[in-house]
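Next come two complexes, and both contain chain A; in the first it sits with chain B, in the second with chain C.
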Partner chain A sequence: MSKLYAELIRIRFLTMLAYRVNYYSGIIIYNINIGAYYFLWGAIYGGQPQLGGLSPEQMTAYVAISWMSRAFYFNNIDQEIAQDVREGKVAIEMIRPYNYLSVKAAQALGEGMFRLFFFAIPGILLVSLFIPFHFPTSLQTWGLYLTSLLLAFVINTEINLLTGVLTFFLFRNEGIMWAKRVMVDLLSGVTLPISFFPGWAQALLAFLPFQAINYYPSMIFAGAAGADKAAQVLLLQALWIFVLLVPIALLWRQAKQKLVVQGG
Partner chain B sequence: MVQIVRLFGEYLGQYFKTKLSYRANFLSELIGNLVFEFINMIFILVVFRHVATMKDWTRDEIIFIYGFFQVPYALFAMFFNFWDFNERYIIRGEMDRILTRPVNNLAQVCLESVAPDRIFSLLTGLLIMGYAAFQLKLSFAWYDLPVFLILVISSALIYAGVYTAIAAISFFSDSRTGIAPMIWNIQNYGRYPVNVYNKAIQILLTWILPFAFVGVYPAAYFLRRETWYFYTMLTPVMGIVFFCIGLTVWKMGVRKYSGAGS
Partner chain C sequence: MIEVKSLVKEFRIHQTRPGLGGAIRDLFRREYKTVKAVDHVTFSVEEGEMFALIGENGAGKSTTIKMMTGILTPTGGEIIINGYVPYQEREKYVRSIGVVFGQRSQLWWDLSPLESFRLLKSIYKVEEAAANAWLDRLIEELDIGSFVNQPVRKLSLGQRMRCEVAAALIHKPKLLFLDEPTVGLDVLVKQKIRDFLRNLNETEKTTILLTTHDVTDIEALCKRVLVMDKGKLIFDGKLAELKEKWGSGTEILFQFRARTTPDQLRAALGDLPCELIRENEYAIRVKIQRSQEMLPYVLSTVMSTFEVSDVKMSEASTEDIVRNIYSTDSEVAAHE
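Up next, the complex of A and B:
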């Protein structure tokens, strides 16, 4: 079984490699976005030494790393599921001897690994040429960051599976998926570190899984979370991974019974 | 021209028929767009909790520019939708069908993807502008309305020119280029005043991909920022110039196009 999933991950990795043009433009897009936020934050700081608990240097590191983390955990499997449902391909997928959702998650990992190696790493090197940016020096920080990033990937994938499975009930849900995408970007801290939000919003966000997707790993990387805090963060992320399994399992069971194949 | 307008009515009718058969999706797309705009607003609101100005712009001025930025884009997206042009018309060969028909080919491509539901993001843009104008206690003269219409149409023409030219690239190379998403991301720079960015990006946004002309430059007129008036007045010129460039590239592309088979 694990051989099957390893193969799925490998194939997705190779498929990504075959569509290289998308990937070159992807690196440029990430740099465009990082650049935009770099300048925006420069203008926002305007000489102030600290905002929302972050110095301008920490903010620069935060912006760069939060986008690069996004490169790894981001995927479109919800849209792939939606397409499978719309085109009726899901019927074939369901009679195959594997779990459809795990297959999607494995493919997402293949995609994530591709983007990490060919996208985030060259991207961050490219960014560090243009904007002043420091990598963490201790091996421990790197280890904590990478672990946190992997957990973040799992949480984001679970959320994507949830919105993807909704297609079984709604038939078309591009709007919801689009809304989810921008909401995850905002509430996970890509556009704005969580510490910038007003107190009540931060309290509310503490009960939601989104900041586990980006804010936690990025704070570890930017050196704004020490070792104790980091351990706590990893534990929280692990907790969310288990909590999110419940709605997925429930919805998936319903979806299998409700499935209507619309055509080929 | 009359024929195109008549066809537009026909296509619009078809559009509503298909949309109404997927009512839930129509609603979810609407919600998706609203959430997107709401979230961009949250960024501005949260940031300005911590600072009073960004460069020399206040919160409400930034909000006004953001609101203005929505309007020409919505107008453009209502009539032009090149997002999947390459996939739909070149790779699947739909362009051959277009070319055998006795109506202008660009007009047909536009008609087939007309999106009147964009009116909602146009309205939210106006609403955001209205809110900011109220907060800023802006006063308007009667001639500001025609000026507004001219500026919005000019900005929409800039979009139309840029994206028509980019879609036309597909005629020369039938593989995916990934340029359009890149441009879309650069376009989002236009949401904020250009003097936030460094010199190179300012030049890019003014002369090469003139997305400063879809946001801050025209909006500066209503904010009575006289230092930018020169660029405000340049907006219609840029609109016409870029639209003509787009049309020229498109025509060249169609002449070059030889079909992808199948």
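Up next, the complex of A and C:
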């Protein structure tokens, strides 16, 4: 089975390489995003030593790293599932001896690895030439960060699977998928670190899975979470992974029964 | 090998109400109509058979195939194929079947067919050495060797279709479904695919199920034909029987040396059930319902009684029969 998933990841890698223009423009877009946020935050700080518990240096690192994390965990598999359902391609997926959702997740991982190696890492190296940026020095922080990032990927992928599977019931759910995309970016801390939210919002967000997607791994990377806190964070992420599995399994079982193949 | 018992599939289709008021009411409460796409279909198939499922658009063929391949869950009835219930044990079951959808590709658009075959090999977890020998044979017999390295998006439809057939057979399934495999292909490619399928059926004893609108497919490949109409199975039997049942019979055109009237011919043939049509003073057309036994009798009787200068025979083609079935659907439904 692992051979199959390795092959799927490899194939996704290859298909992403097939379009060179996409690849080059991807690197540029990452730089523009990181650069824009860097200057925006520079203006907001306006010489103040601290905002929301973060120094300007920590904030720079936070912005760069949250975009680097996003490169890895972000994927469009919900839109791919929606397209498969709308165009009836899901029929082809169902005649194959595998679980459709696991395969989608494996493809997402292939895509995430591609983005990480070919967009994010070159992007962040390029950015570090222009703006002051400190990589963590301890191996432990790196290890914790990468583990947390992998868990973040799983949580985000689960959320995407959920919105994607909804297409089986709604047929057109672009609205939900776009709303989800904006919500994940806002509530996971890409647009704004969670510590900048008002107290009541932070309390509310603690009960939602979104900050486990970006805020937690970025805090670990920026050195704002100690070892104890980091362990707690990883545990919370693992918990969310299990909790989210339940609605996916239920919806998927219903979806297979309700499946209608569009177009002949 | 295939057992299908009173299979039913219903779809709930939501009805849109007309106008703005209707659209607003639809927002709150939708009206649904239940449509029976497949209505108590029963048949069984032996190993090594090659058969066609035909019917108009919307007759329920594709829905039936989709239930047989485990894609759709039936509303009622039973299906057991290769010892599995397709929709319950889908992942295990689909290892034993191959499917070609004429209107959808199962190859990866941006990759070469060879890359797709490689991926399919790991999907089906086939044993490497045997799979390679089998793939070499597929590539040779389908004659796709010259373009398996090009990206699929650069292939012509005919080239792609042959690759699709190879892709469906990578894991050497015992049962192959082809849903309108020859749509839009030219005669030569059709011929290649048919020859390949016939050979596959003979050498590997692969059971092949075909849905098609192309009558020449059926004539070239299938002995057995199933006809569906409005979700019901209205015919299940040999192609020859189909011709007997719905064919407009056989026509014989006799050209006589001397002037001959239909009455003279009728006198010679006795009360044989046939229709005599006067073509001109020297020619008469005889229409008989079945060719079996009646044809030799008509020929020998007429030839021994009259001086005949020429004989032309025409049998209703399968195409005519299919047209008959499709156009007289109400009458056909009454047959059942």
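The rule is short, and it goes like this: the second predicted complex is superposed on the first by the 263 of 264 C-alpha atoms of A that agree within 3 Å, B and C clash if a C-alpha of one lies under 4 Å from a C-alpha of the other, contacts with A are read in each partner's own complex, and residues count from 1 in each chain.
Note that contacts are C-beta pairs under 8 Å (C-beta built on N, C-alpha and C of every residue); 3 or more make two chains touch, one makes a residue touch a chain.
The shown structure was predicted, so the numbers you read here are calculated from the model rather than taken from an experiment.
Applying the stated contact rule after C-alpha superposition, one finds that A:256 touches chain C and leaves chain B untouched. In the superposition on chain A, A:129 contacts neither chain B nor chain C.
Contacts of A:175 after superposition: chain B is touched, whereas chain C is not reached.
Looking at the shared chain after the overlay, A:246 reaches neither chain B nor chain C. Contacts of A:139 after superposition on the shared chain: neither chain B nor chain C is touched. For chain A, the partner with contacts to more residues, out of chain B and chain C, is B. In the superposition on chain A, A:92 makes contact with chain C only, while chain B stays out of contact range. Residue overlap on chain A between the chain B contacts of one complex and the chain C contacts of the other covers 19.
Chain B contributes residues 22, 24-25, 27-33, 35-36, 39, 42-43, 46-47, 49-51, 53-55, 175-179, 181-182, 185-186, 188-189, 192, 196-198, 201 to its touches with chain A in the complex. Chain C meets chain A in the complex at residues 11, 62, 66, 69-73, 87, 90-92, 94-95, 97, 99, 101, 103-106, 108, 110-111, 115, 118-119, 122-125, 151.
Chain A meets chain C in the complex at residues 3-4, 7-8, 11, 14-15, 18-19, 88-89, 91-92, 94-99, 256-257, 259-261, 263-264.
On the side of chain A, the complex with chain B involves touching residues 19, 21-22, 24-26, 28-29, 32-33, 35-36, 39-40, 42-46, 48, 51-52, 170-179, 182-183, 185-186, 191-192, 196-198.
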